[in-house]
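Several structures are given next for inspection.
Common to both upcoming complexes is chain A, partnered first by chain B, then by chain C.
== the complex of A and B ==
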């Protein structure tokens, strides 16, 4: 366990080096971007000084990293505000969106895959497979547009573009986030169901299932007491990969539904060469992915005694 | 010994809609099982013995098969009765022990939970403490004295023999009337096998539990069972008292089956061995398990062996004893840390002088190609164009190898899956001899085969030695097979050679305690 933590820390450190030096090497001068091409060399020099762009790189790196550790990842070039403050009210929105999508994913795909597996070979199984195949083929942004059109404009279940902040109206916020979360989750539900169904069917052919039947278990008891736990173990990796992947996927969905998460902010920061912001977001994502992977690892150990 | 019948099977007919399965049918199966009796069902693969047993245990999927006849147990026909009634018997009155204890136990749960499961299903009123007490007692009855630790273990933490004892404990916890054991010792080492057989005898004696024992191993059935049923191609060929069937078989098939068991005791003719091909002297060898410095694992300790032209050396021992590792050292696939391996010219690693044959011919033949392709590949090493003599010479060599392995020419265009187990092993032999090696290393070459097929392959290997003078290193856990074919034998344990000598000497006057134990377990005669 300690080994894993150390490995995660080392990974994070390596990412930080890569991120910092990569952004330092990208052509383009933030000072020029800020003052315009007409600025005098003296003014540019002063601006660089102010932005902390002078001095040897390793020193600047150390300063940046120590800032990160103490919770101050620098000042945004374009907004002249601390990055921590800027991201402070955007990250929770994205996290809420991703978390909701993940919950929807698990809550829908687990029972569906069990149902699916139990009806192997029957007509309902084939119909579900077909629908799943179709949903998998739809990209999330288009799914978002379809959901907005159907539920927002035709059924008027929610108001498209009517985002409310979680600070003023938590219930309204959650209600609005449901459809974007669904748009992210749906294509993945189809994939997850396909995988889980295959896992359940594979486990159901194992020898220990026959043993379970020989002790007088009913079909349901065999499924719930014996098969499911074993079938879920390989699905864990898939689910954790999905969770990290959904964070990236949310960028587009936030655009479609007009949600002020980190997505749009990241795009603007990249275009405006606002490196402190980009660096902070990239580091945040890296930390999140490591965290998810470690959690999955721990769950693995709990579920599978062989590891 | 026995009394009233508790189970009677009449005119049982089972047929699967899916005819691609190897075991698809049972016809006219009759069986009467009396209380406290042990009945054995023997036969080769595809005989329908497991299928009949699974039908009695109610473990066949009813919807995928056609069925007829009756399996009467306590007034119910298990073949057609309500599923609820069937489930009421399963695990309570009728229990099953399977072949592979590891895969038959759920890997994700502790052993104790699985041993208790029948009680939880059939006696929901029982308290958790009471269940645990019964489970511990059942584990101890099954010969697991350290029952507390086993109770809290996971299946993968136990040895093969312990796992099978766990399976037996789980089956016996509810004091069933019938215990069905489907090849329960096939996956175990001989010494463990002997212990498990003793356990079955004890269960039968002390609990008065009737046992239906399914096995392909006739000698096991002979030591354990009161009555025996011989099956072939889904039908009963012969049945009767064990002694009667073994000493006075009526049917030709039974005679053939009994005759195919390699016998021990016939004096072997001694033979002149030729020059030394490979000499291992005091070899320590092993392999790396990881990248770090201390990841080197020494498997062979102080192993000395000599392989001579024209003789067959047997390498015997239980799983994990280092037999296959020794063969890999001879093949040059292992790092030797001390001692040396001397090779005669032409017997260098990966040269044409040495070839290997493996246990599972299906897994070691490329499934995507025809027999002709496989043999051509073995001959030319993938450089078909550069082979001297061109296509006609290749064809001739392939046909010759095929003929040596006693296979007909029409198999050339077949793929491995279109061959029987025996044919596949013959193709593997043809593949090995096509480059005219002086030495063949055969790793458990007949272990996966039925006895009658086994006998044919052994005869083929003997002929290759006698006519072509090919030397062989035969690795086998089966001491009968070694006796039948080998000139000399080396017994291995824990990576060391415990005893070595001529087969006659080692079998008649073993010097080491371990050799004696192994022989006693393997040749269990009543």
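== the complex of A and C ==
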């Protein structure tokens, strides 16, 4: 356990070195970009001082890392505001979106895959397989466009682009988030169902299942008490991977639905070469991914007594 | 419920899957290849008099918001998307296979360090990696290809490393070493051809992810730059006109879905064959 923690910390440290030096070595001077090419050398020097671009790289790195740990990952070039403050009201938006998508994913795919596996070989099974294969091929952002078109423009269930802030209208916010969350979740539901179905069927062919049957258990008892438990353990890793992928995918979905989450912010920072913002978001994501993987690992150990 | 224990897992014929995928992929490929040779109109030519026009004899699939012929842009865009995806897979596979081969074959400290890096990168969703690399390199089609190619290295490296770990102690490798054949020769001429099927199947899956990644990046506006056309670019331009001209979104979207579907069905068929 402690070894895992240390490994995660080492990885995070390595990522921080890579990120910091990669962005420091990009040609182009942020001070020149901010003040224009006409600026006097003195003004440029002062701006560099202000942006923290003076001094040797390793020292600057240490300053940046210690700032990051204490919750102050620097100041945005384009907004002249602390990155932490800027991110503060954007993160909850993305978190709500991803959380909703994850709930939709689990709520739909678990029962569906059980049903799917129980009907193995029947017509409904084949139809579902076929539909699943089709849905998997739809990129989330095109799914989003189609949902906007169908539910927003034709059926007028929601107003496209009519985002409401969670601060002013929490209910309206959640209602607006439903379709974006669905767009993220749908292709992943297809993938999860496919994997879980295969997993359940694989477990169903194991010896212990035959033993359980021969002891007089009903199919239901075997399915719910034995098979599902074992089938879900490998699915944990898959679900945790889905969670990190959904956080990444929300960058695109936020753009489709006009949601002011971290994704849009990151995108504008990339286009505007606002490196402190990009660095902070990348580091935050790295920490998040490591955290999710570790949590999945711990759950795995708790559920599977063999490890 | 008796069916629950049926020994036959999937009766949805594997070869049927491959064949369906092959037909779909060929159709998409034909659209792209035809676009390289000839398009009804120059894909970037604007027709001032016919903005957002519907289907007509002149413009078979109508025009977009700038009066550009949709069919021509669709052909050029599909070509662009497939070309970038191809370049991405080639870059990622060449570099990934090289790293994976050396790591798997030689092992040791190089392998240890390299794999740590690869595993770390692998934990990141590839679209995020691509976003980071694009922000380092800048946007545009060549940069996107490079950024995506690098983002794809980890998965290829891991797969190839695993294969090399298994192959390197097989009899044919042992005997090749005893014959004094150089390590490099064994790696590239003896082992590599033996893992070709694994490479092909991961290339097919990679190609799909690359199509999706290019479309996503261009959709976000940091991939292919205007006036060039690509499926993601077209989808991004269509968003504002969803009310007036939904076909602007649906056409490139459907081509995108079909190209992903075709290759995933093919990959599925190849993988399940053994």
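Note that the second predicted complex is superposed on the first by the 307 of 307 C-alpha atoms of A that agree within 3 Å, B and C clash if a C-alpha of one lies under 4 Å from a C-alpha of the other, contacts with A are read in each partner's own complex, and residues count from 1 in each chain.
The rule we apply is simple: a residue touches a chain if its C-beta (ideal position, glycine included) is under 8 Å from a C-beta of that chain, and two chains touch if they have at least 3 such contacts.
Since the structure is predicted, the reported quantities are computational estimates derived from the model, not experimental observations.
Considered on the superposed chain A, chain B and chain C are sterically compatible, since they fit side by side.
In the superposition on chain A, A:156 makes contact with neither chain B nor chain C. Once the two complexes are overlaid on the shared chain, A:3 sits clear of chain B and of chain C alike.
For chain A, the partner touching the most residues, choosing from chain B and chain C, is C. Contact with chain B, but none with chain C, is seen for A:303 once the two complexes are overlaid on the shared chain. Touch criterion met: A:216 reaches chain B, while chain C stays clear of it. In the superposition on chain A, contact is made by A:206 with chain B only, not with chain C.
Contact with chain B, but none with chain C, is seen for A:226 once the two complexes are overlaid on the shared chain.
Judged by the touch definition given at the top, the superposed model places A:129 against chain C, while chain B stays out of reach. Once chain A of one complex is fitted onto chain A of the other, the partner contacts of A:285 are limited to chain C, with no touch recorded for chain B.
Our summary of the superposed model lists a minimum C-alpha distance of 6 Å between chain B and chain C.
Partner chain A is touched in their complex by these residues of chain B: 57, 59, 83, 87-92, 95-96, 98, 100, 103-110, 114, 117-118, 121-122, 154, 156, 167, 170. Every residue of chain A that touches chain B in the complex is listed here, in rising order: 206-208, 210-218, 221, 226, 229-230, 233, 303-306. Chain A meets chain C in the complex at residues 11, 14-15, 19, 22-23, 26, 117-122, 126, 129-130, 133-134, 136-139, 141-142, 145-146, 148-149, 153, 160, 198, 201, 204-205, 209, 219, 223, 244-245, 247-249, 251-252, 255-256, 266-267, 269-271, 273, 278, 282, 285-286, 289-290, 293. Taken in their complex, chain C has these residues touching chain A: 1, 3-12, 116-117, 120, 123-125, 127-128, 131-132, 134-136, 212, 215-216, 219-222, 235, 238-239, 242-243, 246, 249-250, 253, 256-258, 260-261, 264-265, 268.
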